[in-house]
Structure formats: C-alpha cells, structure tokens
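Given below, in the form of structure tokens, are the structures.
In the two complexes below, chain A is the common chain; its partner is chain B in one and chain C in the other.
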Partner chain A sequence: MRKIPGIGTYAIAFLIILVLIFLLPRMMPGDPLTAICGEEVLVEMTPELRTELLHRFALDEPLWSQFFVYLTGIMHGDFGYSYYYNAPVLDIILEALPWTLLLVGSSLLLSTVLSIVIGIESGWRRGKICDKSLLTTTMILNGFPNFFIGIILLLFFAVYLGCLPLQGAKTPYSGLAGIDSMLDIARHLVLPLIALTLAQIPGSYLLMRNTMITTLKEPFVRTAKAKGLSEVAVRYKHAGRNAMLPIVTTTGVRVGIIVTGALFIEIIFSYPGVGLLTYNSLFMRDYPILQGVFFIVAVFVILANFVVDLLYTKIDPRIGDDNTEYAH
Partner chain B sequence: MHINYWRELTRSNFGKLGLVLLCLVLVIAIFAPFLARYDPGEPSLSILMPPSFAHLLGTNDIGQDIWSRLLCGAKNTLLVALGVGVFTTLLSTVIGASAALVGGLYDRILMRVIDALIVIPAFIVIILVAAYVLPNVWTLIFLISILTWQGGARLVRAQTLSLKERMSVYAARTFGANKLYLVIRHIIPDLSPILFAVFIHSATRGVFMEAGLAFLGIADISTVSWGLMMHHALRFYYLDVWKWWLIPTGLALSVTIMALVFIGHAFETAMDPRLRKMEQEDWQC
Partner chain C sequence: MLELRELEVSYGKRKVLHGINLNLKRGESLAIVGGSGGGKTTLGLSIMGLVEGTIRGEILLDGKNLVAVPEKALRKIRWNQIAMVFQNVENALNPVYTVLDQVSEPIVAHNLRDRYDAKRRAEELMKMVNLPEGRFLAYPHQLSGGEKQRVLIAMALANDPDLIIMDEPTTALDALTKVEIINLIRNMCNERELTILLLTHDLYAASMLSDRMAVLYAGRILESGFTPALLSNPRHPYTRGLIRCYPNMTTTKDLQGIKGMMDFLDTGCPFHPRCTQSIGICREKAPKLEENDGRFIACHRGGIIPLLEVREVSKTFDSVKAIDSIDLTLYEGETLALVGESGSGKTTTAKTVIGLFEATEGQMYLEGERILGRDKNFYQSVQMIFQNPMEALSHRLSVQEAVREPLDIQKQGNREQRESMVRHILEEVELPSTQSFMNKYPHQLSQGEAQRVGIARALILNPKLLIADEPTSALDASTQAKVVKLLLNLQEKRGIGMLFITHNLALARKISDRLAVMLKGNIVEEGPSNELISSPLHPYTKDLLKAAPTLSANVLVVPTNNKNDGQGCPYANRCSKATEVCFKEKPKLRSCSSHRVACMNLKPEKEE
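What follows is the complex of A and B.
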C-alpha cells in the first residue's frame, strides 16, 4: 500500500521551488539584474532605474538578505514586474489562469472517467478482441507526444475540414452574450480538450486495466458472482470500485502531467492560457513571467497532491499512518 | 528463480514490434549520411518546394532538404535516448542503492527529498532552467537526467532492500564476503532487470522531453532535431507544406517513442509475475 507523504514532504517541495527560483537567475553568468527582470528591462534602463532595481532586489547585499527580500515579496503576492507587458507579473498570470484551469479541469475529469470506464470494460473482457484492440490502440496512442496529437487534430479538423475554430478561446469582438457566448467558448474548447485528453488516457487506462485484472481474481468478486448479482453490478459496483483506488491516488501526479501537457496544447491552438504566456515569454526572454508561472503552477500541483492525499485517507480507511515503507 | 528476460521480450508481440521499430530508427541513424542526398544544414534558393524526385519531401523555408534533415534527426534523437537513459539509470542506481545499503539517517533524508521531488512537475522545472541555460545536446542530456532520476531511485531502493535480505547474499556474507564484493557480485546483477526497465523509461522520457523543449524553441539551432523541425514547420500550417514537413517529422518522432514504449511495456509485463502469466494466455489465444 502507498504511504501518505505527510505535510513535511510538501513543505520540502515548496522550499525547493522557492530556492530554485531564487538561485537560478543569481547563479547565471552575466548581469543578474537582466536575469531577474528579463531582457526587456534593458530597453528602458537608465542609471536611476538600475540603482533603484539593485536596491529593490538587494543585489548589493549578501545572498541571505537578498533571499529575505525575495521571500517578503512573495508573501505580499509580489512576483515581480514584467517590463515587456508593463504590468505586474501576478496580474498577467491571473488573467491567463482561468483558461488553463478550464482546460486542465475538464480534461482531468474527462480523461479520468473515460479511462476508468474503458479500463473496466477492457479488464473484464481480458484476452477478447475488444480488449486486445483497445490495448493496441492505446499503446499506439501512447507513442504520440501530446503536441503531435494536438497538431494532427488542428490540421484535420480546423485546417482541412474547417469545421472547428483554429485558435483562441472565444471569437474576438463577436459581441456574443449569455448562452451564445458559452457555446462559443465550448466550441473553442473542443479541440484542445480532446487533444489533451487523448494524450492523457493511455497511462491511466493501462493502470486501470491492470488493477481491474488483479481485482477480478480476488475472492470477493467470486462471492459477488455467486450471490447471483447482475454482471454489471459485479463489474462496476464490486470489482470496478475497488480497482479505481490507484487511479484516485495518482490524481495528484496526473494533475502535474496534464498541466505540463496543457502548456503544449495551448501553444498549438493559441489558447490564451498560462502555456501560451510561457511560450511568448520564452521567446521574449521575459524571465519574471517565467518565474511567476513556474511558481504558481508548481504550487498548484503540490496543493493538488496534498488535497488528493487528504481525500484518499477518507476514501480508503486502510491507508493512513501506515509507515511500513520506512520501517526498514 | 531467474527469468530469461530477452526471451520474454521477443515472445510478446509488443516487444517484437518495438525491437523492429527501434532497429529501423537505428539503421536510419547509422546510414543517414549515405541515404541523405543533401547536406541537412545546407540552405538553398529553392524554398518551400513540394516533394519531387530531387527533394523527396520537398524543402523548408530556407531551402534545406526535409528528407535529409529527417534522416539526420534520428541520430540526435537516439543520442538523447541513450544519453538520458544511461545517465539517469546511473544516478538512480547510485542514489537508490546507496540509500538502501547505508540506511539510517542518510536513507531517511534521501527518501524525504525524493518524495518532495516527485511532487514537483519536472518538465516545468526543465523549461525554466533551459530558458536560462540555453542547452546544447550534452547539457540537455545532463539537465534532463539530473532532474528526473527520482522515480528510478525509489524503484532501485525498494528492490535493493529486498535483495539484500536474500539467502544468497546472507550466505555469501557468512563466507566472509566484504560489502564491495556483495554489491558487485550479488546486488548489481540481480538489479539488472529493474535497471533495464528504468533505462527504457528514462530513454522514452528523454526523447519526449528533448522533442518537447525543441518544439518550444529551446534548442541549439545547429542541431538537427525533430522537435525543432516541428517548431519551425508549425508556423507554416496555413500552407500545404505541413503534409510533407510537419506530419512525417511528427510520425518519425512518434515511431521512435512508440518503439521504446512497446519495449518498456513488454518488459514490464514480463517482470510482473501476475501480469506475465495472463499476457501469455492473452497472446496465445
């Protein structure tokens, strides 16, 4: 059984992220000011601004007091200033974040439900044509990187057939309101969502199928069958429900993978989320944005893992303060 | 009980297919200089040409022959696969096995750090670091390995813990074998199946991450990388060039990853006794 890492582990992960963002620009050869503020700052650099920035980041002081200044900033929600967008980093990221959350959230839900269902069906029919073709299809799908799946969908549905929108999250200046605007957003979401979900399914499906197969060998399944329960009840209520546990525990890890996948998918469909922001910032060498995105995404993933662990102890009481893994 | 993993691998259909595909990519990488008719880095005046006899897959926006670039990209991809595979496996082995063998506080601290590192999405860290470092192939291999060893280390540690309690190790110890001898003669050979699984996994992840980073535009311009080719090709999606520029490159990348995924899957199925038995039943019928 999996051990619950506990709050200390998450605190360490958080600390690693903080230190990484702090040290990375300061360790780079060259001017640390450019590495902290991004290359765009050079455009408007004056001696006054330089002295002011040096003072703000305490770059003329020892490393530990720089770290203190940096920590105080983050505690106040100050993630720096983007000289490219001429706005605080936090504002820019918060503007992009809802789109990413929409994409990631819907994909997490869809891929989880789909892989649970096809995993159960496939495991139940192990060795039959249905199972073999599902297994082969997902294994082939597993070979396709998420960005290539996105590209194929984009080229086929948006460029070749032209039946779905090519880019963006909504039609600009359309003046749509209410239900029409929601439909418009949904139409724009379809392709990125399918791409992200398709890339996500193979991993969870294989896990679900394997657990389903081992669960079906358990005595309680035979008991359920012997009681004369219907096949569907045995498959879903008894075997399926127990086989779902590993999928639930890996939700935190899957959030990390989906968020990373969303970065790529957003770029392909020009979806105005955090991924597209990252891409543009990479291009502009806008380091404050990159640091801010990294911090927020990493903290989001850590929190997701933490919440899943809390929920998991509630769902499955067999887990908890089981410390067998460390007992050696 | 020792299982002949090579035989198990060649017995499964996925394993066979994976090996064939991987050999194909390997042959292409080795014979690329003979198969390519142009220098892959050589620009020419005939830009964005459709496929013809002179240029099997046409030319790109600066007149380079796409077919030649596609062939040369195989070498880069396999280099990354091998490099990341070997280096990550090495790191995982040293860290995982030492944690299991030394034990105590050292083990506890390492496991804490590994648990924490597993929670952090590695790819995003690599994007941030690579944005600063602007890596070439070798620094990229180093970077990916140094940031993704944690999963493998945990596996190696768990396996080493169970190996060191084995009767054979105990017997060797009673004969007066020292620690180094035990590790070299008993622990490492018995770890080899796990190490191969870690190797294949890391290699797959390495190929995927290299292509992904290059697709984001983080790559050395002078290397011929499939991800970088896709990065450039995507800007011309509104022209017909995607049919012979973007799609073949993406397929080449997918075939390589697929080969590694198939081998990994076949091997893991062979290693898991519960799954092994039934997959054999599966594929015999």
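What follows is the complex of A and C.
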C-alpha cells in the first residue's frame, strides 16, 4: 500500500532544486557572470560595471556565501534582471505564467476526466467493438508527438477552415471586455488545449482501462452486482471509483510531462506562456529568465504533487490511516 | 421454494456443474459441502444469476424459472428475494466506502426507503449482528475478520430476503469467533424463518447450521441426506474421506486423506480415480443420484460396500463354544477393531474368516458373495498378517522368496515381473529394495523389518481384506507406531478393509473406524470407535476403558473374578451392576443410540 510522503520530503526536493539552479550557471564553462546576466551584458561591459556586478552577485566571495546571497534574493522575489527585456525576471515570468497555468491546468483536468471516463467504459466493455476501436484509436494517437497533432490541427482548423484563430492567446488591441473577452480567450485556447490533451490521453487511458479490468475481477464488484444495483452504479460507484486511484496517483507525475508538452504547443501556437518565453530566452541566451523559469516550473510541479497527495487521502481511506486493523 | 432441475454450468468447454437437482423448502437449511474447487461457489452464483458461463437446466424460485428471467428483472429479485453472504475474502466489501453506506446501499437502490431511513435500518441490522456501535462508520480495512463477517451478514439481511446463500461464512475465522457467528446465524434463522443455502467445506459449520446436506464433488452431487445421519454414517466413499480428513474432537482415528487430486472428468464417475472401490463401469458412466434407504447416493456400487459380512457364525471345539453366533460387518476401506481380553475368541474369529478353522455354524460373505470354498481367488483378496513375524516367516526363505511366494502360487507374471513387483512392494512398506536386503533371512532382520516383510507378503497380491492379528503386540512402541502409520497409509492408498485384532484399546481407537468388543466368544458391544470410546454402554467396555493405558497415574480397581459360568451374561460375575437375571439369561445384541450392546440393564431404543 502507498504511503504519503511527508512535508519533509517536499522540503528536501525543493532544496535540491534550489541548489541545482544555483550551481548550474556557476559550473558552465566560461564566465559565470555571462551565465548569470546573459550575453547581452558583455556588449556594454566596462571594468567598473564588471566589478560592480561581480560584487552584486557576490561572485568574489566563497561559494557558501554566494548561495546565501542567492537565497536571500529569492526570498525577496529577486530572480535577477533580464537585460534583453530590460525588466526584472519575475515580472516577465508572472506575465507569461497565467496563460500556461490556464493551458496546463485545463488540459490536465480535461485529459484526466476524459481518460477516466473512456477508460471505465472501455474496460467495462472489454473485447467488444467499442473497446477495440477506442484502443486502436488511442494507440494510433500515441504514435504522434503532440507538436505533430498541433500542426495538423492548426493547418486544418485555422488555415484550411479558418474557423479558429491561428495564434496567440487573445485578439490583440480588440478592446473586448467581460464575456466577449472571455469567449475570445476560450476561442484561442481551443486548439492548443486539444493538441496538448490528445497527447496526454493515451497513457492515462491505458492505465485506467487496465486498472478497470483488474478491479472488475475484485470480489466487491460481484457483491455490488449481487445487491441488484443498476449497471451504472456498479460501473462507476463501485468499480470506477476504485479503478481511479492509480490515475490520481500518477497525476503529479503527469503535471511535469504536461508542462514539457506545453513548451512545444505554445511554440507552435505562439501562445504567450512560459513555454514560449523559455523558447525565446533560449534563442537570446537570456540565462536569468531561463533560471527563473526552471525555478518556477519546479516549484509548481512540486506543489502539484503535494496537492495530489493531500487529495489522495480523501479518495482512498486506506492511505495514512492509523486505525488499520490489518497490515495490508 | 427453491428447486434446481438438471442444472448445468460450463465455462467454455469446461463443465463445472453437472445435472444438479436440489430442492429447498421454506425455512429449511441445506448445506452444500465439498472440497474447494468442487463448484460450490459457482452453484451459489448461478442462483444469483451472476455466473459468467452458460447455464442449462432450470432454477425455480417459487415456481419461476430464473434462468429465463432477463437481467433487468433479475436485478429486482437480487437482494430482495435472494441475498448472499459472500465469502469474507479481502475486498468482499468495497474498500472506499464506510460499512454503514454499504449495508444501506441496497435499501436505497431498490427504493425501499429514503437515504435517511435506510441508514437507520442499516444501523439496526448492524446492532442486531452485534457489531460494536463505534464501528458503523468504519471502512472495511479497519475491521477485524469477524466484524467484516458480521457486516456481510447484516448486509444480506438489509432487504429482508426469503433465501440467503452463504458462501463459507465461517472460514478463516478463529474458533471462538466462528462459534459466535454460527450462533448468530442460528438465532437469525429461528427468528425470521430464513431459508438458507450454505456453501462450505467446514463440516462443523455445516453440522451446526443445516438440516440437510449435499456433498458436491467436481460438479456433481455424490450424496445427500439429513445432516446428522450423513455425518455419523457416511455412505459414499468421498463423504467418508471428507469426514476422515476433517480434524475434530469427535473422531478418534488418525487423520486420513483421500488419495489423488480432484479432476473434472467428462466420462465416468468424477470420483473414480480417487475411489478405492471403483470397478469397470465407474470409468465409463457417471452414476445417477438415486435414493437408497433414505439417502441419495450417486455410486455404481450403492455407496461404500460391505466387504466382509459375518452372519451368526459359531465355532465349537469339542463342546467349548469359542465363538458364539457373532455378527460383524466390515466396510470397504475401513478398519474394524476386534478388542477383548485373551481367550475371548478374537483370534478364533480371524482364523475362521480366513479359513484356518471351519465355521461350525453361520455364513460369511465377501463383497456380497457367500464364501463357500476358499480357493486361490479367495486368497488373492483376503490376506493375513500375524502376531509374531519371526515365526510367521519361514526361516528357510530369504526376504525375496518369502515376499514372492504368493505370486509363485498364484502364477502371476513371469520371473522378472514378479521380482519387480517384489521390489515395488518392499518400497511401499518402506523397506530397502536392494539385492543385499532381499537376500537376507528372517533371523537377520529386526522385529520391525520382519513385520514389514510380513505386510509386504500379505499385500503383494493386492488384497481387499487384510486380517491383522495383533500385528504390533510383539513390537516395541516406536516400531509399533511406524507399522500402524504404514497400515493407515496403505489403507488410504489402496482402500484395504482391515480386521484389526488387538487387546489394546488405546491402539484400537487410533486405527479403527468401528470397534467390536468381544468377551467369551460373544460380541458384547459394537459401534463407531469415537462413540464407543466417549460413551461406552456395556460394563465390560467401561472396565476395558478404565484399564486402557493413560499417562497419568491413577489407581484402578478392576474386577478380576474369572469364574466361568456357562449360562447368562458372559460378564455377569465380574459386573458391578449384575442382577439376578444376568446370571440366568444371555442378553442379545441390541441397537442403542449408534451402538449395538448386549446388556440387560440398558433400555434399548429399538430391538434388532
């Protein structure tokens, strides 16, 4: 039986990420200053500026004291300064973050719900035509990388049919407000959301179908049938409810995968989220932004895992229960 | 109320149930017993309509054929009319809901009450099955095995069904919890007039909870009848095997198994590969369940056959009556122990049966046929082992020659075959089959080895009846234990009927199914070993029991007067309860509970 990791585990994971992000630019070949500030700085580098910057990042001090300065910076929300955007890193990331949260969050929700439902139905009808065609479709889908799905969707709906917008998260300078603005955002969200979600479904669907099939063999399913419950109650309330557990467990892991997936999707649809920001920063060698993005993404993935674990105790009463009569 | 007619269930090509016919009246309790994998659960599930395979035949519930009822209508019958107490395996209850939710669920699902009332009703039921009140909102994993079993029972009662199918309701419970659950079920049955179909391999639960019993083996019913009668007097070899291997405080004989493994056969009696009395037809045709003397038995041989019947046999030497009109029946695969003091006529009886003495009066039957002459065929099925192995083996024959001799006499096989048979039988009696051992002569053997050689010699012809005259009294205790175990194992494997003659009651009770107590040529008491030991009726048996060895030091007072008095009860002059009539008239052997006793002071239940 699964045990819930304590808050300490998360603290340790968080600390390791902090150290990695701190060490990465300092271990890269070349001038750590370049790594920390970005190559843009070199253009206007004067000896005075260099000394000042060295001092500011405490690069003239021993490693542990550099780490301390880095930590206090993060505590104050100081992730550095982007010379390319000419703005603090945090401001730039915070501007992109909501779009990614919207895309990743809705995709996570949609793909989870969808794969649970089709997994339950497919597992229930194991071996029937409905199950076989679902299985085949998802297997084919599984073969395509998400950016490929994205491109196909883009070409068909936005270019060929022209019924959905080509790029962006909203129509620029449209001056829309209220409901209209929300509808506009939703219209822009449709294609990237579908592309990202479709790529997520096969894995979760297969897991769900599998656990559904094993759960259907459990004695309590027979008990439920014997009680004369309706088929829907047996399928969802008894079998489905139990078969859902592994999907919920893997949600934390899937958050990381979806965020990576979002990177490609955002590039294809020019969706102004963290993914696109990362892509652009890579091109511009804007290291401060990249470090900030790594940090924020890592924090979100850890946070998501934590929330899932909290949720899990609510869904499965056997987890973290001290009243257990038997050791399972 | 419930009637099964020619019910057949098969999974794919594998038939799991064959032509089951059962009848269950309202308020009655029927137990289906049998080893695991015999089809008990399939039978229960097919009545619920939950079996995955194909069903043929009829399941009639109050005259309505459930096999023909569509799934949707069946759902209304489930739990409202037929409920099931499932085997308390891991996850018989849904792990993610509280037990209160699960007990009240069928009430709500069938629209009997609203959610609130259903919960109150569920609470009442859980109180009734003695689930501690603080446990109502617990999840299944928080409950002990006994508590889960109580929840499963409460759940089955939720919709007030007419019929409850209980699948192993007591298995996996500890002894005290088991008794509690059994009492709980008994009380419920009394209060609510429930009809119960109990599926179990636990004979104790079956004996406590059922009126009638049916024995299911590899998808067929082999025997059925009233529970007490079936348990005290099993008539099918499988039923007897089940009882023999069920550890309990009643049986005195050592545990014995059933040879082989269960297999689902398409042709013939399903039990024939494991049965020790199977004949040609058993392999070809499955027997029908037929009524025979108040019992239903499916056996081509009509159940366990009487192997040896001794009817009113007397033997007189000059004017001395060594045995006086005795009656004995020995069944196939059973041990009948003949106990009594020296000179009581035990050995004379044995020698009369095997033909060393000619009976003065009376008849004997072997497998139902009267024994007239004793030819080679007779000695092929009846063999004897003797008290003193050293004297019983000719000291001019080597082990090999002694064991082979019966084969030579019967002219079985050629020399090579005979020798391989000798080696085989020596291994079977746990002796070395090396040439050096086979060349030994009796004086080179130990007592135990010599007796094993004697047993090997007796068994090489594969006899059905083995007469053992004090086979272990010349052996020391540890050798005796080994020989006795060997005999029991051979009985389990070959189904030998054994007439075991001994003066040692303590030994007799370990090896015998039935005991007959002899005194001065008469059988004074006879019955199942366990009952004879636990409640002896005849004063002589009681005295014998007192004198039987125990390991606690008790001073005994045993009457010793041994004056022979031709008339009257043979025990009269030693009996503390003897009255005048005892000296004058000889009591007849009469049925009394499950024994037969010859005593004037006992009020018989019925004359025989």
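One rule holds for everything that comes next: the second predicted complex is superposed on the first by the 320 of 328 C-alpha atoms of A that agree within 3 Å, B and C clash if a C-alpha of one lies under 4 Å from a C-alpha of the other, contacts with A are read in each partner's own complex, and residues count from 1 in each chain.
The rule we apply is simple: a residue touches a chain if its C-beta (ideal position, glycine included) is under 8 Å from a C-beta of that chain, and two chains touch if they have at least 3 such contacts.
This structure is a prediction, so every number in the text was calculated from the model and none was measured.
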{"item": "Touching partner for A:Lys225 - first (chain B), second (chain C), both, neither", "value": "second"}
{"item": "Touched partner set for A:Asp316, first chain B, second chain C, both or neither", "value": "second"}
{"item": "Contacts of A:Thr171 with chain B and chain C, given as first, second, both or neither", "value": "neither"}
{"item": "Which superposed partner A:Ser106 touches (first chain B, second chain C, both, neither)", "value": "neither"}
{"item": "First, second, both or neither for A:Ala233, with chain B first and chain C second", "value": "second"}
{"item": "Touching partner for A:Arg285 - first (chain B), second (chain C), both, neither", "value": "first"}
{"item": "Touched partner set for A:Ser270, first chain B, second chain C, both or neither", "value": "neither"}
{"item": "Most chain A residues touched (candidates chain B, chain C)", "value": "B"}
{"item": "Chain C-contacting residues of chain A that also contact chain B", "value": "326, 328"}
{"item": "Touch list for chain A against partner chain B, complex", "value": "5, 8-10, 12-13, 16-17, 20-21, 24-25, 28, 35, 126-127, 131-132, 139-140, 142-145, 147-148, 151-152, 154-155, 159, 206, 210, 213-214, 252-253, 256-257, 259-260, 263-264, 267-268, 278-279, 282-283, 285, 287, 290-291, 294, 297-298, 301-302, 305, 326, 328"}
{"item": "Contacting residues of chain C [partner chain A, same complex]", "value": "45, 48, 50, 74-80, 83-84, 86-87, 89-96, 105-106, 109-110, 138-139, 141-144, 155"}
{"item": "Chain A-touching residues of chain B, taken from the complex the two chains share", "value": "14, 103, 108, 111-113, 115-121, 123-125, 127-129, 131-133, 161, 208, 211-212, 215-218, 230, 234, 237-238, 242, 246-247, 250, 253-255, 257-259, 261-262, 265, 274-275, 278, 281-282, 285"}
{"item": "Footprint of chain C on chain A - complex, ascending", "value": "218-220, 222-230, 233, 238, 241-242, 315-318, 321, 323-326, 328"}
